[in-house]
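Each chain carries a letter (A, B, C and D) given by its place in the written order, and its residues are counted from 1.
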Amino acid sequence: MNTIGSAVRLTLFGASHDSRIGCVIDGIPAGVLVDTNRIEADLALRKPAPGIGTPRVEADAPEISGVVNGHTTGAPLVITFANTNTKSSDYEELRRIPRPGHADYPAVCKYGVDHDIRGGGMFSGRMTTPLVAAGAVARGMLDPLGITVGSYVSRIGRVADTAEYEPATLAASRTNPLRAMSEELEALMREEILAAKADGDSVGGVVRCMATNLPVGLGEPFFDTLDGEVAKAVFAIPGVKGVMFGSGFAAAAVRGSENNDFYRMKDDVVQTLTNHAGGVLGGMASGQTLDFSVAFKPTPSIAQTQQTVNLEERSDAELSVHGRHDPCIANRGAIVVEAMTALVIADLLIRGGYYG
Amino acid sequence: MNTIGSAVRLTLFGASHDSRIGCVIDGIPAGVLVDTNRIEADLALRKPAPGIGTPRVEADAPEISGVVNGHTTGAPLVITFANTNTKSSDYEELRRIPRPGHADYPAVCKYGVDHDIRGGGMFSGRMTTPLVAAGAVARGMLDPLGITVGSYVSRIGRVADTAEYEPATLAASRTNPLRAMSEELEALMREEILAAKADGDSVGGVVRCMATNLPVGLGEPFFDTLDGEVAKAVFAIPGVKGVMFGSGFAAAAVRGSENNDFYRMKDDVVQTLTNHAGGVLGGMASGQTLDFSVAFKPTPSIAQTQQTVNLEERSDAELSVHGRHDPCIANRGAIVVEAMTALVIADLLIRGGYYG
Amino acid sequence: MNTIGSAVRLTLFGASHDSRIGCVIDGIPAGVLVDTNRIEADLALRKPAPGIGTPRVEADAPEISGVVNGHTTGAPLVITFANTNTKSSDYEELRRIPRPGHADYPAVCKYGVDHDIRGGGMFSGRMTTPLVAAGAVARGMLDPLGITVGSYVSRIGRVADTAEYEPATLAASRTNPLRAMSEELEALMREEILAAKADGDSVGGVVRCMATNLPVGLGEPFFDTLDGEVAKAVFAIPGVKGVMFGSGFAAAAVRGSENNDFYRMKDDVVQTLTNHAGGVLGGMASGQTLDFSVAFKPTPSIAQTQQTVNLEERSDAELSVHGRHDPCIANRGAIVVEAMTALVIADLLIRGGYYG
Amino acid sequence: MNTIGSAVRLTLFGASHDSRIGCVIDGIPAGVLVDTNRIEADLALRKPAPGIGTPRVEADAPEISGVVNGHTTGAPLVITFANTNTKSSDYEELRRIPRPGHADYPAVCKYGVDHDIRGGGMFSGRMTTPLVAAGAVARGMLDPLGITVGSYVSRIGRVADTAEYEPATLAASRTNPLRAMSEELEALMREEILAAKADGDSVGGVVRCMATNLPVGLGEPFFDTLDGEVAKAVFAIPGVKGVMFGSGFAAAAVRGSENNDFYRMKDDVVQTLTNHAGGVLGGMASGQTLDFSVAFKPTPSIAQTQQTVNLEERSDAELSVHGRHDPCIANRGAIVVEAMTALVIADLLIRGGYYG
């Protein structure tokens, strides 16, 4: 279904080529500051990177209701965006000839002939626009507790950024067109993307996300854990194939004495010497930085000819995806990961009685 | 909270050293066969491996109500287990001196002095016993659709099993004490575990899980996706640090032309030549095998002396965890991953109208 | 919260004097016919009765998205309405001087200074406009099963309609400005309302609602019962103070031998000789007509001077409510009761596996 | 489904003639006092009235887990009861020959041959035992806020108690076998019941329930209103046919000037001169006593011969219900109404951030 969250609930609506897309956010307490500059700043990070991304450019101007005098009223917020730059004629044949790596085939099986296939319908990356705006609203709930959420691109194809960063420094990636942490890395990553693009191809990437100052204990075990809720939210982002916290899969290869994070008392605050746990223990915030990585697959839309099938004629077919697409989505996905994380944290803050 | 699922809902209760632990499973239609042999067979796979695991051995004899004449009645099922082999005196000091890598510290912060710390309370791996039994019940719902769920251990510490297996062959791991796919691998993995144990240490591991014959389209996007629901369910298992589908993080390093799974029509059935997607596209089952991997960290309880803090005295402290623990939990975790997967599939089958 | 339903979920948004109000309806299967004529016909029944109701007249022109070729797509539907005819200056003082019988006082206590008080904010009867449209959409799901939902006004003030009607005849009330079942009753009821209005006063009323052809067993006991879900949905309608099924409170005064509905087999169909149960047994549809009554209180906004308080000065105050109000809301409420009932039935149909 | 509540969630399990019945209560914060004397005192009020009720007497001894040192731990509470005094042979023919006024017929249609028909299965009044115990636990959450919940029987058949009582005086009914407010009324009501019983018949009744000291604003509009949540919870009680708040259906017959509750400031507290609203405005607690009435139908099980059908032979049949039944359930239902109310309030307290 199209609702996520329990105490702070987001309901997503619209489709890639519908007249409007948007979301309702319910459960935000009255009096939260809604900062339109912040919303627009986050939306800007979702736009295609100049010289790289899709030529489909939308104004992405949010229309917000449910706000009076710049603050929430206790009633739901609604944020919508007009879809203007649509070319629906591109898509009708996808109902018969599904694109490899896309939702076309299972969507047609699930929803039948009535499915809105235009532009990928509700499976389009376009649906993440309202999510980013909602995440910026959720940040307004995190501010009073000093909670920050940031991210950067730690890998594009074969180019990996293996450095360790302090959470406070991640904001640097916000001024970088690829969400990289340095101009040098950005240059290498851009090259990796452009090389793929030149071949009519695409590349994958990894986003690393960090959140600070979470109250120790945030999360609602046994099942509504901090890591589980983040993972579920992040898997809703188109193209995500993996999520891991802290050392993640690397932890499977080492010993407990290496992986355990030892405690030390520092200025009367409990700290750990390392953060292999990625800030979550027993499904709850541990007091260390929440630190996780998200794998994005290469954009499935590529210009190269691909093998597919014709569902009507029940035969093999070939397909070259035209339309307007990004050769890499990880850089645009970073702010979406942040947004989903901010929403999950806001929800768990309310659920755990940590807010207000 | 302690409930998971929407149409098929499991509520977990009890604690490691409570008199009983168990679960309620609501939403299973009337008439589903409840096979106690299958429940016991799955529970056996959760027991400590002989010569390796914890000496705490529980009878794990399920008491089931809500079943009449071997079938569900439409009312909730309740499955409970007595806790008999408990040594609560071991644990009281953990309220003051938290174990590194355990939930002790955030749990005390969250629940305060009333938290049941004995044996890890509700954060104990013991809580997975009812989950395994519930998973075996859920399998009864999958049978009529021909859906199978299997798994094996693909890594223990430095020993990795990189072979590819057909889903039908995974049953071989059910007769292997470490859930390995061969005696050779089992010997190497056992050695890895025993070496750690000899050092008062532990090791991590990876479980790979596969499910077949899912109806194409299974999953409820935008948010209640097949991958997102599986991920959330799996992160509830103590010790899990990462989940990835198909190529997962490896997809981030390659190109779309390599990662896309091309379609071919074979005997009038849509197939793919590869399964890098791990059987999920757009959050829905793609028609290929659902294929994902789960990273387990090394057991945090180790005999070696570790650095920690004394929360009462607000000072540094040292700790050597006694009690009875497994030097590796991935092998015991495999059947829990299967159980959570079966529960998620059962839930999504009902939600999607695919069942009955 | 502003979401109702489990499988078919409606999320309501906006406020009386916001730019737009509307709702998202999620979970409606792909392929359901969305009949805009029906939506407009139902919306017309919510409009103020000529010569009686509030002079605030809104165009109530629904803007619908999520529909392609007149049918649902499996994605959420969004229905919005512009608010144009608003006079917000009327309301600001209500934050300090709450109107008796209105939500003003508890809303200010709950949401504080940020509450949107204009026009009653989200507590306005205006919020029922999207509900009526959503109910008309839900009827599209009931059609294939032959389920009908109708209602009429059985009481306005002292004028009671004590006749018994067949469900099929209730459509007659749709052409009657007060939703009465005859012109004679309409004349008496109109007189009752106009007399109150002439005194600067208002009157209450009762709506009786019936739904036919529900599948026997519809409802999800123990808690998500047919009657409980209808009751919860109906209490969300502003002004509702009571709900009873079949004989309702009268059943409390009689004996079991009088109240039990005896079964008879008629043309191989199980029938009852009476329907004191109102079509619900054990929280499930009994196979008889679902038959319940809903009490609406008199409109709390009256021109007469009333005693209230000044919350700022902590003193007694007096108030005469100006603005534009209906002297009776039961007649306009009838279609809202139908809409909520249709939504609850659609939800329970999906949940019970009765649909599609 | 068998779960109710959002932040405080109760899951009910078992059936009338199952080995055990019980419930899980999740979401109760750590540190709430669990008073077993109070639980037993409330359970005693559910027992059959001496000389009147069913001879089926159960020990009703609760077994509680999830409590350490008399307080909740943050983990779920489980309360179970053994079913010992069962005579299942009485019931098998009800699958073919449904009892008028019971759930037998819709239950068989819904759940099929696998439905547990013994003793009414999960539709039995027996299922209310764990609810009463859970309500007593919920009261432990209400104590720190000074919230009380009480009730009395205001009608049995033709005997009505029309007096008005202060909430504080309702405790008097706890020592009265019929939950009447005076010995005189109790004598009249007893006579009414015994007269019905002598005729092989039964009678209905009304329970009036009051709750005090609710925080102004309690409730989560638009849909999760205080009145709507109470109504839904109360309709889950077997035999309930109507719920009304304050003046309820009587409000439909009067004018706004009579029905509005005027505000007065008294000792700097906002009070109303009357409480026709029953303590709820706009779906939120108004600050006055929550005051509502619940109609119970006459027990459908009566000894008199009744007309029914034989579902197997598709023919008319006759039935005289033997077994062990109460000639009136309203008196036993009073404490169940209180319990459901306490649970709803506890849930809304957490949801609204009013607790802890």
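Here is the rule we use: contacts are C-beta pairs under 8 Å (C-beta built on N, C-alpha and C of every residue); 3 or more make two chains touch, one makes a residue touch a chain.
It should be emphasised that the depicted structure is a prediction, and the values quoted were computed from it without experimental measurement.
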Which neighbours does subunit C have in common with subunit D? A, B
Name the chain whose C-alpha centroid is most distant from the C-alpha centroid of subunit D. A
Find the geometric centre of each of subunit A and subunit B from their Cα atoms only, then give the gap between the two centres in Å, rounded to an integer. 26
Averaging C-alpha coordinates per chain, one finds the centres of subunit B and subunit C separated by a number of Å equal to 46
Quick one: subunit A and subunit C, Cα centre-to-centre, how many Å? 39
What parts of subunit D, by residue number, touch at least two of the other chains? 1-3, 12, 110-111, 122
Note which residues of subunit A are touching subunit B in the complex, please. 1-4, 12, 98, 100-103, 105-107, 109-111, 122-123, 127, 155, 157-158, 160, 196, 199, 201-206, 215-217, 219-225, 227-229, 231-236, 238, 240-249, 251-265, 268, 270, 272-273, 276-278, 281-287, 293, 295-302, 304, 306-311, 314-316, 330, 352
Spell out the part of subunit C that touches subunit A in their complex, as residue ranges. 1-3, 9, 11-15, 18-20, 22, 24, 26-27, 30-31, 65-66, 68-69, 71-78, 110-116, 121-122
Once bound in the complex, which stretches of subunit A touch subunit D? 6-7, 29, 350-351, 353, 355-356
